[in-house]
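The chains carry the letters A, B and C, assigned in the order they are written, with residues numbered from 1 in each.
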Amino acid sequence: MKSFSIQDINAIINGEIVGESTNAITGLEQIEKANPHQATFIGSRKFENLWKDSNASLAIINDNIDLEPGENKAFIKVKNADLAMAKLLEAFAPEAPHFEVAIHPSATVDASATLGEGTKVGAGAYIGKNVVLGAHVTVYPNVTILDDTTIGDHTVIWSGTVIRERSEIGHYCIFHNNVSIGADGFGYRPSDDGRSLVKIPHIGNVVIGNAVEIGANSCVDRGKFSSTIIGDGCKIDNLVQIAHNCVLGRSCIMAGSSGLAGSVTLGDGVIIGGSASIKDHTTIHSAATVGAGSGVMNDVPAGKTVLGYPAVDSREMLKQWVALRKLAR
Amino acid sequence: MKSFSIQDINAIINGEIVGESTNAITGLEQIEKANPHQATFIGSRKFENLWKDSNASLAIINDNIDLEPGENKAFIKVKNADLAMAKLLEAFAPEAPHFEVAIHPSATVDASATLGEGTKVGAGAYIGKNVVLGAHVTVYPNVTILDDTTIGDHTVIWSGTVIRERSEIGHYCIFHNNVSIGADGFGYRPSDDGRSLVKIPHIGNVVIGNAVEIGANSCVDRGKFSSTIIGDGCKIDNLVQIAHNCVLGRSCIMAGSSGLAGSVTLGDGVIIGGSASIKDHTTIHSAATVGAGSGVMNDVPAGKTVLGYPAVDSREMLKQWVALRKLAR
Amino acid sequence: MKSFSIQDINAIINGEIVGESTNAITGLEQIEKANPHQATFIGSRKFENLWKDSNASLAIINDNIDLEPGENKAFIKVKNADLAMAKLLEAFAPEAPHFEVAIHPSATVDASATLGEGTKVGAGAYIGKNVVLGAHVTVYPNVTILDDTTIGDHTVIWSGTVIRERSEIGHYCIFHNNVSIGADGFGYRPSDDGRSLVKIPHIGNVVIGNAVEIGANSCVDRGKFSSTIIGDGCKIDNLVQIAHNCVLGRSCIMAGSSGLAGSVTLGDGVIIGGSASIKDHTTIHSAATVGAGSGVMNDVPAGKTVLGYPAVDSREMLKQWVALRKLAR
């Protein structure tokens, strides 16, 4: 177990210590549950009463909050307690599972694949023909990476994930359990006689930038022609569907169980709420937000927030909800 | 194929035999499809006409239904035909796939892992460092269980499931295919310069009680600090998302494709309908019900039923729906 | 890289060449992105201006569009550019990943399983007892197929997919990554004392016809008794839930993230939009359409289109949406 003094902790987050406690800090916890060896976080005044009753001996607190630590307790005052929390979580993080050998004997790595320095391949993983893994890539057990895929340095691929052939993946990505990358897009045409459906082959691929995170059991389908593209820094939650030929800009966020139909375009910094879904061939422009549970059927201008099903400007949707409630009375 | 006499069947469900049939019963089937060697179930009067035309020679019937079996046919009258059905399904269930050896030679079990008596590990499965599997645990092929996880007795883990490090799982659980347990929660903060997103490490874990069932391709993320907790007896369907730091009480039900955002609390016996989603930091109190397809944005009091998007009291939502239909005419 | 002359291409799609270009065609691309060695497609007049600026030297164009190719450029006029596109995508498709040996040495194939001519089993795959794989079946790495399952000729099963025991699967099916077939249905009854939930065993199976495609991370649960049935030619997208005892007719389409609760019946040619969900025991009759995002709570007559939550006739729902917008002003 890791253990830090309050001074050690302040060396990480560069704040100002107020009050005094000699307790070693061995973990982080929310304010109601913390014990005397855990630090907690105070990001707003509403935590004031909880602090009085908390057993924590240390709180990281926003410096614009006027509060005293109390006896035998300490604060570290910082500009942004949330960012400090992220740094401390990193400091306290236990080491991820690791492997002593580069390639586990039960893994299958094709002779034509190339692996960079420090790259590890876990038990039962499959690395296909001409796959190129950069340096310090971690492939956890039972991952499948098919032919001609390239993966950048420091990318981490958790167990059960499947990456289909010809995918191009950047540096410092994280793919969680059971992700699917590069499955065929969903497209059919009625046959000439109208009696059945003709599969449209999807001969494109998936191109994923740097520092992209994709949640467990999420799917990114390959393009029909050319590529489905996910820009640098995008963060995708669990059980998200990204269909063929979608193009996501930089640093987009898609929360859990949301989905994009085919050929949707997201600008930069778009936020898609949980369980929201977007119609095919729609464009959500940069810095727009789609509220949770929304169903978007039209383009969304830059910076705008839409909400509801069908989604409209969020203030208008709130008015609709109020009006309907009144009407029902 | 298993074969039972009507007397054998009554020994299992402890009812009262009415009428007579000497047919051996080799299976169970719904009333319209049953053949003379299958038993069927009559739980309400509306099945009366179907029974006349049914080829089944035996029906299990609620004892408050006034009906005669007819010539060469038999009833077994019971208090609750649904519970009797559950017992008979168990009696007729074919044996699950099983393995002759404890650890399949193609599985990888770390030398530091411990396995209880009667525990089986299938082909291609991976059991990491310091993992503790109780007695009579079944790990089907191609499961991945990472370091320091503990799993209780008689738990069954179907193929493709991935359990991340430090998970704690109880007795008699069932995890279906391709479940993800313990992936990182979804949390980011804007960087100091506001130009990118900083990942918030999730250093907690997942704690799952006894007799919990989790459906295929569902996800339970690990906590940011401390744990995401699923109480004893919870039943989770397929493609369900349970985000970081959710806490579920005892015997909650979540139907298919539903989802909880981060830090949602469910009391005991909460029922979440299919495709419903719950906003982060919301509490659904004990014995409350969320209707299918709902989007819940506020706490729900104990015992209440909410419905719709945004969800309100279900009677109020039904009124809103009626009012809107009238308005449109 | 494959390379075709314009004459080669016309031999595939049987159209009429207009204009002239000697460029070799090595790929297909959408009109704005195409280079001089790529062919593109013009399915409606709205592409007219884009064609003027396109670098493509060949377009496949619907023969009812009155447009000239221009200098050093060619058209191939066809009745249906979309069908021609499907044929050309097939012609240009790179070969799928393939394996030199029938059974990879790291795969586990039970001695009692039988494999047809030309069938391949990839690394780390598991084929259980009495499994019957037809001819020319492709099982990609890390697939799991449990006991007594039968799979028809030419079916392709991508990595991570799990098929539970006693499934029956037809010819020419495609199952994408991480599909779950045959997990237990979701059914419980309150125990006699009302204090917990009794699992209802699901002793049926899954029966899937010919030419069925199932998307990545989708689930089809086994029946309680008898079977969950998916008819010939059904096309299922990613992250779709099909619960126990559903029965789908021929050539149904279910788009991404949609779901059917238990015992839903779809006729032939039913279309379910993305993220739509259907209540248990509902019937959607043949050729009906459910709009994206809808929540269906009642049977839908043949040929009808329903929309919204709760879903009603689509024209009525559009009126409701208009009425609510007006009301809010």
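By definition in this document, a residue touches a chain if its C-beta (ideal position, glycine included) is under 8 Å from a C-beta of that chain, and two chains touch if they have at least 3 such contacts.
Here the structure is a predicted model, which is why all the values come from computation and not from measurement.
Under half of the residue numbers at the interface between copies subunit A and subunit C are found on both sides, making the touching surfaces mostly different.
Summary of the copy comparison: rotating subunit A onto subunit B for the best CA superposition needs 120 degrees, to the nearest 5.
Rounded to whole angstrom, the centroid-to-centroid distance between subunit A and subunit C, based on C-alpha atoms, equals 27 Å.
Touching of two or more other chains is recorded for residues 106, 124, 142, 160, 178, 217, 239, 257, 275, 309, 324, 327 of subunit A.
Contact residues of subunit B toward subunit A in the complex are 106, 108, 124, 126, 128-129, 142, 144, 146-147, 160-162, 164-166, 178, 180, 183-184, 186, 188-189, 192, 196-203, 217-219, 221, 224-226, 239, 241, 243, 257, 259, 261, 275, 277, 279, 295, 309-310, 312, 316, 319-320, 322-324, 327.
By the touch criterion given at the top, residues 27-30, 33, 80, 82-83, 85-86, 89-90, 92-94, 96-97, 104, 106, 122-124, 140-142, 158-160, 174, 176-178, 211, 213, 215-217, 233, 235, 237-239, 251, 253, 255-257, 274-275, 292-293, 308-309, 321, 324-325, 327-329 of subunit A touch subunit B in their complex.
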